[in-house]
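Pasting the structures in now, so scroll down.
Presented sequentially are two complexes of subunit A, the first with subunit B as partner and the second with subunit C.
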Partner chain A sequence: MKVTVKLFASLRKDRFAVDDFDYQEGATVGHILASLNISEEEAAIIFINARHGEPDSPLKEGDLLAIFPPVGGG
Partner chain B sequence: MESLKECLLARAENGLIHLSIQTWAVQNFGLTFPAVEEAILELNLLPARYQRNQRSLSCRQQLSLFRGKVAVIGCGGLGCYIIEELARLGVGHITVIDPDNYEEHNLNRQLFSKVDNLGQPKAAVAAVRIKEVNPAVTIVPVQDAFTSRNGSVLIEKVDVVADALDSIPRRLELAEVCEKCDIPLVHGSVGGWYGQVTTQFPGEYTLQKIYSRHSGERGIEKDLGNLSFVVAMLASIEVAEIVKILLGEGSTLRGKMLSLNLLDTEFTEITF
Partner chain C sequence: MDKILRIDMGAAGGPKMQVESLGEYAGLGGRAMTSSVVAKEVPPFCHPLGGENKLVIAPGLLSGTGAAMSGRLSVGCKSPLTGGIKEANSGGQPAQVLARLGYGAIILEGKPQGDDLYKVIINKDGVKIEADNSLKMMTNYDLVVRMKAEYGDKIACISIGPAGEMKMQSASVACTDPELRPSRHAGRGGVGAVMGAKGVKVIVLDDTGCKARQPKDLQKFREANKKFVEGLSRHPVTGQALPAYGTNVLTNILNEAGAYPTNNFKTGQFAGAGKISGETIAELETKRGAGPTHACHRGCVIRCSGIYNDKDGNFLSKQPEYETVWAHGGHCGIDDPDAIAMLDFLDDTYGLDTIETGVAIGVAMQAGVVKYGDAQAAINLVKEIGKGTPLGRILGSGAAVTGKVFGVEKVPVVKGQAMPAYDPRAVQGIGVTYATSPMGADHTAGYSIATNILKSGGFVDPLKPEGQVALSRNLQVATAAIDSTGMCLFIAFAILDQPDTFQSLLDLLNSFYGLELTADSVTELGKKVLKTERDFNKRAGFTKEDDRLPRFFYTDPVLPHNIKFMVKDEELDSLFDW
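Showing the complex of A and B:
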């Protein structure tokens, strides 16, 4: 299944801003994070089609997955 | 003898009271600067320092800002700019809370830090600075860390709280205290070229959602540090949110988070 992955802020470094990937049916956000070498700690905010998701959220054909890192400085 | 109001009305020029008249009234009537400021605004006159606000903020709105009470939690990169902008706007009561003293690594972005005040407490330095900029502002410096133990007392009388902290667990603690005290919280945070801002009202728990899975003290700033233009920009957006809350006008980032990427010049809004 095709999933579009959009990375924000520093998660783009040495990766990409937005790209399409083919994943096996039933893949979760966690599987995609692992394939991109992003730890769950680094994926502070996960949105699937503009709705809040979690690492165990399943994905389906055509989903847009957006991942933001934790930002905490002042 | 003329009353204060008669004096102000007689000396207004095109609806403006110049600083020299305001200062004279303070001395002549034995009043505080904030008391004279309030009297001016109640007469629908404007201290001349605000004349460039006038096309965007009415006298009535300027009076609302003067009566507004804001607590700024943290006087670092974000906090200094937030305090400076609130004071120049004419927000009348600002509580500044920070336990730290200035260090050399603050000089890259913290507006009130100078070579001459390294080692001095940030909250006290902010109070001196703001008195120099706008004596009509009542500034309350608190040299202490904001915690759930002392937090309720420190913010109980304010209208809005500004998050300018540098620690994720402290932010969550602040969000809890604001929830308990029924006070809106404007959150901003930065790291490298990036930042985020949101406004949360009691019962919304946006901050808790943003950091729901994060267990560490710090985020990307641990590796990326903090840049001057990023803190200035995020602080300015926080101030815009604060002003809208104080005035009850405009559209805030309530229930949303604005993510800023100044490296790629991308602003992204997400809805929780």
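Showing the complex of A and C:
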């Protein structure tokens, strides 16, 4: 299945800003984090199609996954 | 910090000053000081620009000490924008310098008899007040250059630009940063108009010859400060993300969350967000020979500020904050970072609240005055405000007035004050804060984004109404307390997540003042401040109907979540029942 992955802030370093990937059916956010060598601690904020997700959240064809390190501001 | 400087600008024969003891205001700082003075001394039904209103300027309890992050200044009055009590908060140097000079507050009161414009000069030898009409309608940046030429480069300035002199409801009070740029502002609620109504252009502070304030227990204070700084460095937000990207790191995150108000709250995602994001701007700043890491006051260890150069490498503005990038950017459909930096500079130099100004322009765009996305038109509109043309005066009166003048139905304000950069439908917790804060729509008053979006201090689902009132209540209470210490609110990211860092904040206060404050006493302080502010507003005629969002947030769903604001009125009304 095709999933679009967006990375932000320090997670982009030595990786990418946005890319499409093919993953096996049943892959979770955690599988994708492992494939990108991002620890669960680093992936502090996860959105799947603009909704908060967790490392064990399942993904489906066409999902947009956005991953942020711990950030703040205001 | 054991005295108050009171200046009666309306005294017969010219301004009359008096230095008095703290009296009943002893033990108060920052927002607790400004709100207590306003609540006690300002008649709630007075006209905000009249002689009965007062402008209160107060450093926090820890300002002027060696405590890191303690450089926040509170500016309070009855707001010309909301008609309620106001505390607008600023970084920059003045809080530290004013505290070292020994002042717990400056109170400007009365109504000037003539139309002279004054400067107030405060140093270790005392206070001087001089009329200087050559400063009339001078911009903040030009004014500070002039003050530096007259009084040297050891000064810090608190000033108003032309907007404050014209008594515009979106006028700010500017504070200089360590390099004497008037780039940090007590922005909200038209505090600059009240300073203008008092006829004071600038307060020049020079603490040469003054020492840092001395703690009761120096050794404990030093230890506490060391742990506090270590805690801030250890936390990934205050130690890494804020210095690397500044507050504007939020553009991408709010956009990905579908909570980024675009084209006057029409939708929750902006196609141009990436072009004006913190990541993009930090890279651009570095490439142009400036950078995203800068302290707005001495003693700041987070350093979330930055410097934005133009394409030729010359200073254009300080790094525009997230709220500014949104108000002048996504809210207006503008995705040009250079234009946004120029708008930031113009706001700073004319002395305008960037949120109110940007939102007013977006409302004008909704009315068709100029087109969404037209950056040059937005720049021209801000210049109209600076010149005080009739159109400029309308926009400078803020979003609510602009909406009325141009017949716009959907105007994002609460208590007349423009909403900041988070759609309250897609982040229901911030909607509760916008609705209920005594300040009007103010994100800093109870920053639910931390927990709704950033997962700091736990997690409450932003798309559901459940739990939002309790979240906003707790944050509003904590914020009112932090705003009284002089501490930058960004310490909250670390103290929400790290109990030992919260303890070191308590230790700083306790070792400095010889107190035994606990977490509970901090909560009590916050509640007391909020109660004082709510009570003022009630006496000024506010009712529970004022604690509501504009109607369209209840009737028009916003994409991508297709969601309305769902927190019930009765729940909003229970926020202050503790």
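Going forward, the second predicted complex is superposed on the first by the 71 of 74 C-alpha atoms of A that agree within 3 Å, B and C clash if a C-alpha of one lies under 4 Å from a C-alpha of the other, contacts with A are read in each partner's own complex, and residues count from 1 in each chain.
Operating definition for what follows: a contact is a pair of C-beta atoms (placed from the backbone, for glycine too) under 8 Å apart; a residue touches a chain by one contact, two chains touch by 3 or more.
Remember, predicted model here, so these are calculated numbers, not experimental data.
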Clash or fit (per the criteria above) of subunit B with subunit C on subunit A: clash
Touching partner for A:A66 - first (subunit B), second (subunit C), both, neither: both
Subunit B versus subunit C as contact partner of A:E40, first or second or both or neither: first
Contacts of A:M1 with subunit B and subunit C, given as first, second, both or neither: neither
Region of subunit C that runs into subunit B when the structures are aligned on their shared chain, from 168-176, 366-374, 384-392 or 564-572: 168-176
Residues on subunit A lying within both footprints (that of subunit B and that of subunit C): 8-10, 12, 17, 44-45, 47, 50, 52, 66, 68-74
Touching residues on subunit A, where the partner in the complex is subunit C: 6, 8-10, 12, 17, 44-45, 47, 49-52, 66, 68-74
Interfacial residue positions of subunit B with respect to subunit A in the complex: 74, 76-79, 163-168, 171, 188-196, 209-211, 213-221, 223-226, 231, 257, 259, 261, 264, 268, 270-272
Residues of subunit C that touch subunit A when the two form their complex: 235-238, 240-242, 244-250, 252-253, 256-258, 269, 274, 278-279, 304, 321-323, 443-444, 447, 449-450, 453-456, 459, 461-463, 489-490, 493, 560-561
In the complex with subunit B, residue positions of subunit A that touch it: 8-10, 12, 17, 40-41, 43-45, 47, 50, 52, 54-55, 66, 68-74
